[in-house]
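See the structures that follow.
Consider the two complexes below, in which chain A is the common component and chain B and chain C are the respective partners.
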Partner chain A sequence: MRAVALETPRRRSERSAALIPVSMLVLVLLPLLLLPLAAVFIFAFRGGVSAFVNALRTPDAQFALRFSLLVAFATAVINAILGTFAAYVLSKYRFPGERPLGIVVNLPVAIPTVVVGTSLLLLWGPIGLLGRWLEPWGLQPMFTPVGVLLAHLFVTFPYMLGTLKPLLDELETTYEEAAYTIGANRWQTFRYVLLPALRGGLFTGALLTFAHSLGEFGATVLVSGNLRLRTQTAPLYIFAQFEAGNIATANAIAAVLAILSFLIFFFLLRYTGKPNERRH
Partner chain B sequence: MVKRQLLVRRLRELSTLGLLGAMGLYAVWPWLPLPQQANRPRTIIFYGFSILGDVMDNAVFPAFQETWYKQTGERVEFISSFAGSGTITNQLIMGVPADVAVLSLELDAQRLSAAGVIDSDSWHQLPHKGVVNRTPFIIVARPGNPKQLRDFESLAQPGVGVVHPDPLTSGGANWAIIAEYGAGTRQQRDQPEAGKDLLRGIWRNVVAQAASARAARTQFENGFGDALITYEQEALWDRSRGQLDAEIVYPRSTILSEHTVVVIDRNIDPDERALIDGFVAFLWSDEAQRLFVERGFRSVDERLNEHNPGFGAIADPFLIEDFGGWTQAKREIVDGIWKNQVLKEVGR
Partner chain C sequence: MSIVLERLTKRFGNQLVVDRVSLEVADHELFVLLGASGSGKSTVLRHIAGLVQADSGRILLHGQDVTAFTPQERGVGFVFQNYSIFRHMSVAENIEFGLKIRKMAAAERAKQRDHLLDLVGLAGLGGRYAHQLSGGQQQHVALARALAYQPKVLLLDEPFAALDVKIRGQLRRSLKQIQRQLGVTTILVTHDQEEAFELADRIGVMDRGQLIEVGAPEVLYARPQALFTATFLGAGMVLIRRKEADVAQFGSLRLPLPPDAPGEKGSRVQVLFRPEQVVLSQDAPPSGTQTVGQGMVIEQTFTGAQRRVRLRLPHLSGTRQIAPSAPFGEEGLLVDALQSSSETVTAESVWVSLRGWHMLSPPQPRVLLCQPSAGVPNGTALTRYLAHQLDASVMMLGIDANGENSDGLRNVLLERQREAELAADVRVRHGDPVEQIASEQAEVLYDLLVLPTSKRPNQLDPLVAQVLERMNRFWSTPVLIANNDHSRIKSVLICTAAGEPGKSDVRVGGRLARRLGAKVTLLYVTAEPGAVRPEARTHLERAAATLRALEVDGSVETRTAATPTEGILAEAREGNYDLVVLGSHGPQARSVFGRDDVTFQVASNTDHSLLVVPEEAL
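Now for the complex of A and B:
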């Protein structure tokens, strides 16, 4: 709509200038990104559409998809709150140990996810440091959906923080000061001054968290016990099917995950994106 | 104009929320408290080594569900997980809530009892000392057998690429090592080094190691190597479905692997006991044993093995007992010869 309205000679020359870099980018991305994605779809549909639908209709596949979505939603919501809180504290308060803490909360992206899974097991598992005291009480988070959620919260924690903290750091403090001078308390300032400014970042952070949770494998495979119909997420299901030689089934679920991720990104980016254009 | 933009924005917001809502509804649907089947099924949590996945999920579990329903009117739900035998054993040691597990080799059962997960030798109280079925180790070659593979010795020839599961995580790989070593010693009884020589020859040619027998097969199917050493069952089951794009080569001497059932008593509540015992007994019933045979496993009951004409003849089959049982075989052959000598000599 906008593009058509603004079609001018200058626009047109801009477009032809874009031709070379854009085609170069596509050429580079072809073997790295586009072809592997295409391969998933090609293999998913190799047995025909009915085979694709049948692969999706098994109870195991349905459970895995639903469970993955639920865990991803829960992870995104919880880490959105925790991450915002962490970003606020780290950005607005000065305290000893601030820098080490800032590094530690970002570590989960650098630690191999398998290590995350192992350490969670060694902490909360039935023979773990804390787990062995919980076991007699009948509390056992590992090998249950709670364990999967714990692993995903750990692994995706830095994404929310990483999106919000730079925004908070760069936000003009004058608005906040203005709010304080007219008698707003910290919560009111956060709720009515900071939060609206963070809206885009909140969406992006939650989106990244959701997407990473949807695709998480390394930690999940260890803490879940990989139980079908109970703790098997979609990536675990895909891997199990691939290992069992059911490549078409594996790719059918992979294709659905890819489409879901695409849809989520597409809609949310449209919803939140281009704030400049909208506000003018 | 402004009004229209506002409308477009509203629509976008609505469509986004609609999409999210639809996905959320889809995700929680099975757990919504809708009026549906009232009585909750009883649950058996089952862990099995890799090649059991298909026969258990698609044949034995449904058969038991039907039998149990007829006997008691109770519905049973199976929660299962399949991976390499070593992986399963490690998961059991870490405390997964399994009721019953089938391991590829008794050695893993011994590891479980050493870790205190099950009582020592508790599986010996079960029928056939816990062995639920068998399958010999065979060689799978490319269609037309272009490398002229005839026996384990052929795999030691230069230029043959062998796909082998990893003995660290795969029970099948441990069986394969005993099969290779045993074939060497039994074919040339006058030469004490024959077993080790054969192992060294084969392992010089190993081009890919996978975490489980299943994964090794997937690697082979994806084009790795000229030969795969695996369970006969894998190849037979593929062939019976017309999916085997390869040839089965039967060695003259090979081992029959024996798969051990363990019951994890500490995970079983008293009110679950009858159900679990019923299921375990069912594994040795004629019905279940026939299902195993149908899908390429050799039954512990020799009579039933006539029902599968696909089983190939093996001139000199042997068992782990012939090498003094798994404790001794692991110490002397897998660790003593393969790991400490052969692997070092071939430079891995």
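Now for the complex of A and C:
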């Protein structure tokens, strides 16, 4: 009702004025973002639904999807713990070298993932700095699921930290001090006062980490060795199928990944949008 | 005693935030720490809760030394200014938190929680969350949460500051009622004088980390000891002069002194009277009344029930007004009077008399005599003279640069002090001289620094240069650069320019001259002969008026010279002065001019003793 009441001639002319730039933007975005996404689905279902389902049924595809989900889940859980710890230390303690450390832990965002893969190989690989000493003991993380996990932990580390540290910084120290005076020790204060305040951040950070891990390619391709049924993640499988010319198979998996990402994105949007709505 | 503090001291970096605070709070008492922001009152509270560790001193709660205890072990209740209600917990969960930590059974917890909700008037609101409560309700939740585990003492940090002024009164009454009902010993911190008066059994007034004075509200208001208390608590007028026999004579105003009035003959007397003690009358008051004089009404303000009348009276001889501080250039006396608002003052000129007054005990000024080197002269004769004239206490500070011979230096200083018959404390610090002087100054807040120099012609003692560079940034205390050790100052040259460096040099120099009985020459330097800019003339007139108000024998001298420095140096050479007073620029100007500014140039080239007054000096 109010919108109608506000509909003055001037507003209407403003709306028609918006028509040209908006349609220009859509025209630009169409080939850049929207059409490629549509293409994935079109190609995935080209052979009909049965071909799509069959493509997903192969043992390789099944393994790749399951492995990717498992690694993403493990990465999210481990980095949730590590990220919370890092955010707590960086936010609550003052120490020399605090700033450099703060920069270093955020570095993975800036480093190309291929470089991450290379560095991990140079550290843990059979001739790497540490790997050289582990090799005789039969410990070889590279080209195993552990190697993939290491790469994913590295690449996604800053996401958890990035969502939690601002929350901790913003929370006034008086909340902790109040808990201390009431009698709660450091752990109880963390458990009952800080952690609940971080709940939203933990959820957002974990979803972000999960999504990035699900799509990780650059570092994974180097450290996994791309061994089918052993270390092949879904993105690697898509790449392998493309190279082998099985475009429809590749697209079927790609469509699944895309749908998963949409779901996560949808959750993130809803969850992070909520407090804003409440404030209005 | 529920709470005992013994010489509690805390520094943040070089800054002394709590300065030897000792305090005893009795059982069931509601004690209010009152002070301006930054006075250290909240820090004292945080010490008691264990949220801050003291550098030295002890804290006892119910006879137990808790100085080394963690906050958890102390078991105090603390209400923060922002209330810090845990947002993800309901009101009930917040209140039960302390009981849960203490592993109390759920049923008992619920009983205790309901009792507390009832006590603070929030019965039935246990299921709500912080964002569903008003400010006053949040305060009550914080209070109930702090009281839940029956704390040894209750500490409240500005509990009303975040609330609407209108509801504060009601919440104050409810807080006081709850405190009375439970009988829990409480310390409340506030900057609001009205709040302190209304709530407190006793008030402690804090200023710059020190607990200035403690007493019942009525006593602190009507009969304060310290000048700070007198002026901080309510409006009032403070006059100061030297005491004679058993009366204080402020011009025509004769106030009989009580037999136990502090101080000997010739020492300073400070008299306080409040606006409500001032009586205004159309006709001359009968003899025997304490009459201040006849004054002009310069301002009337209607404040509701009362009317505030400001009057200007002629200067009282031998008297200086401390509060309210007179504007620069004001010669007369400014007196505030409170009238019932039904009475209007129509006459322009009225008689002002007093129906009551109170004597303060003036504090002793503190002088720091720096002894950075074993060189001669050492400034002891000059310092003894100043200490005698100012009734000041003296601290002799020796600085042992490399910390190897502290005992030796101390003995040298003690010997020096005996020789000069200077009654002084001796302290030796080691480290960089400027840093040590700055630390000592920050810790004790001296009123005057005396810095004897080893003067070489046309060259500035490096230590003097460093002190001058730092003084505006780090302290607002005047520094006396003693280029000689004369034990007599009878003629003072105050160098002034139009508004710049400023007024504090005239005020501080004038006050010193008054105490020393010295005559003052105000110097103005101009580049062109005979040309005194209008704003400079106004400034000089005001400066002269300020000196007249101080009853200092003063004259104005104008000199023509290419630069201010040359003019000042020439006048100092020719005029046979004992002391030259200079203002000092603010820190910005210092960074622009570096060592080329007037203060540095004069300091480098004069053989006279120099008093450098920072702009912020009072």
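Just so it is clear, the second predicted complex is superposed on the first by the 232 of 280 C-alpha atoms of A that agree within 3 Å, B and C clash if a C-alpha of one lies under 4 Å from a C-alpha of the other, contacts with A are read in each partner's own complex, and residues count from 1 in each chain.
Going forward, a residue touches a chain if its C-beta (ideal position, glycine included) is under 8 Å from a C-beta of that chain, and two chains touch if they have at least 3 such contacts.
Note that the coordinates shown come from a computational prediction; the quantities given were computed from them, not determined experimentally.
Novice: After the overlay on chain A, what do you see for chain B versus chain C, clash or fit?
Specialist: fit
Novice: More residues of chain A in touch with chain C or with chain B?
Specialist: Residues of chain A touched, chain B against chain C: more for B.
Novice: A:L227 contacts which: chain B (first), chain C (second), both, neither?
Specialist: A:L227 sits against chain B, while chain C stays out of touch.
Novice: Quick check for you: in the superposed arrangement, does A:W187 touch first (chain B), second (chain C), both or neither?
Specialist: neither
Novice: Looking at the overlay, does A:Y175 come into contact with chain B only (first), chain C only (second), both, or neither?
Specialist: In the superposition, A:Y175 touches chain C alone.
Novice: Under the stated touch criterion, which partner chain does A:M142 make contact with: chain B (first), chain C (second), both, or neither?
Specialist: first
Novice: Per the contact definition in the header, classify A:P196: touching chain B only (first), chain C only (second), both, or neither.
Specialist: second
Novice: Would you sort A:F267 into first (chain B), second (chain C), both or neither based on which partner it touches?
Specialist: The answer is first: A:F267 touches chain B but not chain C.
Novice: In Å, how small is the closest CA gap from chain B to chain C once the two complexes are overlaid?
Specialist: In this superposition, no C-alpha atom of chain B lies closer than 13 Å to one of chain C.
Novice: In the superposed view, which residues of chain A touch chain B and also chain C?
Specialist: none
Novice: List the residues on chain C that touch chain A in their complex, please.
Specialist: The contact residues of chain C facing chain A are 49-51, 70-72, 74-78, 80-82, 84, 86-89, 97-98, 101-102, 142, 145-146, 149.
Novice: Where on chain A is chain C touching in the complex?
Specialist: Those in contact with chain C are residues 172, 174-175, 177-185, 188, 192-193, 196-197, 199.
Novice: With touch defined as at the start, can you tell me which chain A residues reach chain B in the complex?
Specialist: On the chain A side, the touching residues are 62-63, 65-67, 69-70, 73, 121, 125-127, 131, 140, 142-143, 225-230, 232, 240, 242-245, 247, 260, 263-264, 267-268, 270-271, 278.
Novice: Okay, in this complex, where on chain B does chain A touch?
Specialist: Against chain A, chain B makes touches at 9, 12-13, 15-16, 19-20, 23-24, 26-30, 45, 50, 53-54, 77, 79-83, 91, 93-97, 212, 214-215, 217-218, 221.
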